[in-house]
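After this come two complexes, each holding chain A, first together with chain B and then together with chain C.
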Partner chain A sequence: ERGRGKRERKRGRKRGRGKRERKRGRKRGRGKRERKRGRKRGRGKRERKRGKCCRLPSPSPCCFSSEQESPDEQEENELEKLKEAVDDRKKLISTLRGKPLPMTRKLQTLRESQEFVEKYEGAIGKGKGRKLYAYKVMMLKKWMKFQRDFENFKTACIPWEMKIKEIESHFGSSVASYFLFLRWMYGINMILFGLTFGLVMVPEALMGMPYGSMPRKTVPRAEEANAMDFAVLWDFGGYAQYSVLFYGYYNSQRTIGWLKFRMPLSYFLVGVGTVAYSYMVVIRTMARNANEDGGGDNNCFNFSWKMFTSWDYLIGNPETADNKFASITTSFKEAILEEQESRKDDNIHLTRFLRVLANFLVLCCLAGSGYLIYFVVRRSQKFALEGLESHTWWERNEVNMVMSLLGMFCPMLFDVISTLENYHPRIALQWQLGRIFALFLGNLYTFIIALMDEINLKREEEEMVKLNMTIWEAGLYNETVGVNSTTPPIAIHPADIPRGPCWETMVGQEFVRLIVSDTMTTYIMLLIGDFLRAVLVRFLNYCWCWDLEAGFPSYSEFDVSGNVLGLIFNQGMIWMGAFYAPCLPALNVLRLHVSMYLQCWAVMCCNVPQERVFKASGSNNFYMAMLLVILFLSTLPAIYTIVSIPPSFDCGPFSGKSRMFDVIQETLESDFPAWFGKVFSYASNPGLVLPFLLLMVLAIYYLQSTSKSYKQANLELKKKLQTVSHDNHVSAIILCAIPALT
Partner chain B sequence: MFYNPYIVFFSCNHPSSTFFPLSRLFYRYRDLAPQLVPLDYTGQPDVRLPYELIGSMPELKDNPFRQRIAEVFSEDGEGNMTLDDFLDMFSVLSEMAPRDLKAYYAFKIYDFNNDDFLCKSDLEKTLNKLTRNELTEEEVRMVCDKVIDEADLDNDGRLSLEDFQHMIVRAPDFLSTFHIRI
Partner chain C sequence: MVSGAIVLAFLPLVLTFIIRYRYYFVLFYRAVLVRIWYDCKTGLSREERAFQYVLTHATPGDPESILETFDLWCSTVEFISNIGPKKGKIMDRILSEHCPLNVLELGSHCGYSTVRIARALPLGARLYSVEMDARNAAIAEKVIRLAGFDDDMVELIVSPSDEVIPKLRSEYGLERLDLVFMDHWKKCYRNDLQALEGSGLLGKGSVVLADNVLFPGAPNFLKHVRKSGLYEWKIHRATLEYSKGIRDGMAELVYQGIK
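Showing the complex of A and B:
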């Protein structure tokens, strides 16, 4: 065998064929030949084709045949070569877009390759399974065409593209990044809305018991008088409370309607699914951004990046361009200054003291705002006990207004305090964002703690109500019939039956009210702070002593980081409350829709481009990371309440169960075969779960250590690159010096 | 009707069919000079729009590098663009183009003397265009020296394509700024 291979090589065979011989290993080849000689049909076909073989203009001419090879092998070689050539062309077609060739060359190459592929594709499959091959090829082509059309369609469906383009051309890419983020959030909320609307609200509305058939679905007699008032509806009480919008309306019947739709199971799974989907989307986007970043080397290409990536090609407006030129010049001058002189702190002790003082003031602010919220929530509980009607509008909506106002004014306070600190603008921005983040987080958690107090109160109330109800029922029977008769139960209108308190609906209502008031505050501040200010500056300028447009107050700039944080926190509230108020995603979709139009208009009408553009961080992942943290922190309270607090006995899809997740157990027992339940109970055995967790921890450790070693290897390669270039330089110098020496 | 310029060109997959771009980009191209550009491209006419028309597009008119962009993407190297060149330009500058492709064309744009290297004079011209000549000569020289220091790997005093690509693919802002939306 080896001998024949050598002879092949010596005869100057094409390398391809020699390789194939070596790869096939003589035995297999011979085996095939033996097999084929047996089959009549096969030989017949091949006989027929040998005539055509020489006409195929394959890259290797088919006339070079070794005397040792049989015609079968020859045929096979040709087909394989042809197949390789066609595959190469196909690969070329798919990668053609990414090649830096002029368009005419690309088109020419594309047409040539397509012609080649079309001509010879059919010929390849003629050996075996030709029809299957042709079918596969045709399906592949159809699939690719479908993919292309779908991509085009998807691009056509993207909303607000022109609006964002206008903003980009006027304000540059950093302001536009807020609107791109808003649009992305809108997409996520649409999906959440689809889930909650389609799988929770619609089935209950269509197939569940209608309004008025049960106590939980009816407005109580006492509230009926003003259940339709606008004020009550705006507060999400009255008819709005006893509808599919809130948790309390849903019935705990295991299946509803002729479809046997499992309502409680669906409610639970949608709740879990919204969180899981959000995690998946955020992490996927972070991974994609991380890939694009290419693992930033932050400081070693400072000037190069300034030179080649500071001009924003999206700018299409002369005023913005002027601004951009000015900011680029300033940025270069600053960088040159930093490069030339080392930063001498005149008085490092003073700076340090001022920074400590500033942080202390900020901590006081945060503590103060937390206490204020707690105080206000307790006060509102007192008001609720006394009955809401006896209080003014402010007292009724105190909590929401206080939270929104704190969110508006504290950041400004932080801004003022940060002038004490004297940091580089980028670092100052990061501190500012960190503080605002802490503020919002503190406020949110104080709110939740206060809410937990209310929940506990309601649960105590529940015990009392249960007792009262039994007494009331007994009293009802005793009144109308004798003690020992067996008459059918009395028909009482559901509105009159006393019902238990529903802490879940209360929680849902609180979140909805918070979001509504937050939205209103944002819009009003936008109109006053931006629009009214712009109007005043423009029209009072004619009759004012100093130039309003150039000095104070001038037009406002669009605050990218503040707006992005506001968006992130609102989304956190949605995630927190969506389990108790299925209407929240719908509300949020509406809110984002209106925000998009309102803010696009406000930005174009009242704002001016920023003078100095400092992004909080180079990578896009900064805001994504914040979103992930908020997602985690907002699902914690919801999960805690689901796992540890028993559901209300008189409202919601889980009424009557001891814990909300019991619905899963119930489903496993009644809807799945017995062995499934057994398997599940084995799988959830701690003896199995703990080793699994341990395995995952080990996997994470392993992946982390491999990634560390890759980074290390990367650094070494970089160093090597530099030393090699240095060596080249040195040898170039030596080479140049030699003739000088001689 | 919106489209993705990066894939519009390859939407016809049969080699013998005529190329007829029914996309918004084509109408933008035609709007620049309706009397020169025919509606029917089946004969693949040789129509070339002069640089002045391209440079006056709203997307390009404020860009200090518009002349270089037009020169790089045009066939004749003078900035007069055919429809193919026009499509090429916007597809490379669109969101979907891969990073390496963009880096390649960015290099060519900043290479003012077309010698396949970014030498000191190229860098100086780039900087002056970026700052509209507001920096002093001393400052310009300093910045160009720093750039060559940072990015020149093979130490020949100028940036080759490899040096440039090595530096630019790590830039966090590159993809978002080297982008024109149309």
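Showing the complex of A and C:
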């Protein structure tokens, strides 16, 4: 303890370092070689050859020169240092991704650090806690591995991921964004399908009265002959009409089956729930996209942004890369021209006149298309009055065909007219989208107004039928039973009983037919306009006088905006009609599924990458905003009909009620305890609802103003950063210039 | 049978078609219909009519004025597919960059491009112009002599190009061609290029200029150029001669030689 003899010194030098030890592994003192080897970035010849890149020298267990510490303390110190080293390594592993090293070096560092950590980690836990510590560490590692595998599994489960990535590498991110949008829509429609199928169609099919038991569930005798014909089924008449696919089949019994399933309530709530869910999803996605926008400053450092951020790293195809290269060059040229032109504005009167003219032409086209649809719908009503059988297939499906064709051809005309206007492509795209939007909206609302006329017709017919039915029933009784006896009523086959007209089923059928015809038109146009054209161009080119690929027809390009709008409007029609035809979400899921495969194939097989490739990421929220507007506009007619028109007396889950939403009242009265009804009636008191609405409006105003002030603060900070960097730049220049001056 | 409304719904498509391809319709009108009309009316061929006009309106001995008169006639009266003013400027620039001494021109038609090239040639250079059709060659000869170029500078060869190229070395004593200008039938571009490669007349740095590679287009030629790897190629994009909306291009190939 006091002094150490020579032998002790020789023996007990636990931490002393002999020559061999020094050679083996010095942590602190550094010899020449150590300095050469252990310099943070410097490396010895052999190390460079080997490619070692770890900066932390490996600590050896015996690295202390102090002899005076006790064994325990020494061990503790040693463990602490070891723990530090292991922690350092762990930190290195976690930050390795961001370091500016080449990939091979990174992989090597990672491997060495992981080996080190594995080797020494188990040794860190002290004494008794050692086993528990090792166990904890092992469990943590297993948990992390499980998490990683689960993430990989989740990514592998995302449908069509590889397909979309392949398209992105060939065509750029704007075309891929359409397919991402399609996939997102597919997800929403799956949920809607789940709701309508699981809560409306399946209960009625399983637990409701079977086909043929009631008049509303049976094909009328007159139509029975051709109820199974393909033509009738394709038009959704016959057996398709009298099934769970449409509103008219459902019975208005309050509870069905042994589960006491409240069918009318479920129908109503599912209808409301689909709309609510759609709103929620769209607004949530919009909010998420708004955050990602980041508020890029488009006015400053235009050319720097273009220079450093134009390239799309997801491109994997030489032709696309060439196109992207060419388009970046063109955009530079344009930017230079714009800079020059912003100094001088020549002939702005001509430009303005041309723009006004173009808008006038577009308005004419919109008016023309609106009038054509109105005219065709009136004609179809006339046909309906005369009886549909006396007209050809073309005349019967005139409305749908005209709407689909106009929806397909007018956007092309708008595109051509917009060349008059001479806008920047991004602005031209927005105008184009706005015009197509107006076209579709006009067409849709004309269609709805025509539909309202038909609904009114049907309701008048209903009154007459009600009258006729009472007469018929009375007649029936008097025939068979002469006396006022209490004999049970005669069994008349449900197919023979006259039934009232069902305007809801008619509305549902119209929407389904419209969607089917729209889908068919899209697919046929795809096959003719893209595939047939590509086949002709490819194979006629050998024997044609001019170059078909470079000249007139050439291969078609994928029209992102037109397709996205088509998708949005189809979804709008689904939302409009889903209440009256529960089969619509199912139909849409099928349609989107087929569309995905067909369009992926068509894009890869028949289209060429666009020549002007500009990123459409800024338009992402634009499409979402349009979707929101369409959602709002398409739920309006459905809500109007629910609230103001009484349901048919002879079909559907709400038959017999004066308004469809009476089912809620009924449920409150019969299914919930009395106090609930009272609470609800208090809550729905206008005196309570109006202040609540006022509070919500004020909250919205408050949030809006705080968000505006945050944006302001952001901009101020950005400006400050700019001036600071500018000052630094200027002072750096001055500092560099001083030696040059002296 | 098919109702009028459905037919009316196709109207936007027809309008789009007409507006988008209006330049092609105009070209068709000018190049085909007007030509047939004048052929029937005057009985002269198109090139003879052009020559009449140039004779009466241009100053002899001044290549500039002849070219301008040609341009005027082609843009206002009828359509002949000369190289045109815009692409001609590109060609002038290339000529002044390279200053070739031996130039081969395949397809001189009326002699417009011959005059244009000859105008930009340095002293002592020689231009060999090949024209297949005898009548056009006669007109071209007259135009070239009207412009003031004598036999020293411009030699007109009347024969199909695939027959001439093998004979260039033996009969005309050419060792190397500095510039080749192709403006004849588009389907012959590739064969003639391969013949030139085979004959050994192209040296390192020889320039081949091919007109109208995008409209009417010479896809086989472009494919051959891309695949063979013997050339540094570039396509100068411009519009078709005397037409504003139809895109066209001129390919400039610089022979690199076999590596």
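Here is the rule we use: the second predicted complex is superposed on the first by the 551 of 742 C-alpha atoms of A that agree within 3 Å, B and C clash if a C-alpha of one lies under 4 Å from a C-alpha of the other, contacts with A are read in each partner's own complex, and residues count from 1 in each chain.
As a convention for this text, a residue touches a chain if its C-beta (ideal position, glycine included) is under 8 Å from a C-beta of that chain, and two chains touch if they have at least 3 such contacts.
Source: prediction; values computed, not measured.
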item: Which superposed partner A:M138 touches (first chain B, second chain C, both, neither); value: neither
item: Which superposed partner A:T329 touches (first chain B, second chain C, both, neither); value: first
item: Chain B versus chain C as contact partner of A:L717, first or second or both or neither; value: neither
item: Which of chain B and chain C A:W305 touches, first, second, both or neither; value: first
item: Between chain B and chain C, more extensive residue contact with chain A; value: B
item: Partner chain(s) touched by A:C410 [first = chain B, second = chain C, both, neither]; value: second
item: Contacts of A:V535 with chain B and chain C, given as first, second, both or neither; value: neither
item: Chain C - residues contacting chain A, complex; value: 1-3, 5-6, 8-13, 15-16, 19-21, 24, 214-219
item: List of chain A residues in touch with chain B within their complex; value: 96-100, 102-104, 107, 110-111, 114-115, 118, 141, 144-145, 148, 151-152, 155-156, 158, 161, 164-165, 168-169, 173, 177, 292-297, 300-305, 307-318, 320-321, 325, 328-329, 332-333, 336, 339, 618-620, 721-722, 725-726, 728-729
item: Complex contact set, residues of chain A against chain C; value: 365, 369, 372, 375-376, 379, 392, 394-395, 398, 401-402, 405-406, 409-410, 412-413, 415-417, 541, 545-547, 549-552
item: Interface residues, chain B side, partner chain A - complex; value: 1-4, 6-11, 13-15, 19, 58-59, 61-65, 73, 75, 84-85, 87-88, 93, 98-101, 104-106, 110, 123, 126-127, 130-132, 134-135, 139, 142-143, 146-147, 150-151, 153-155, 164, 167-182
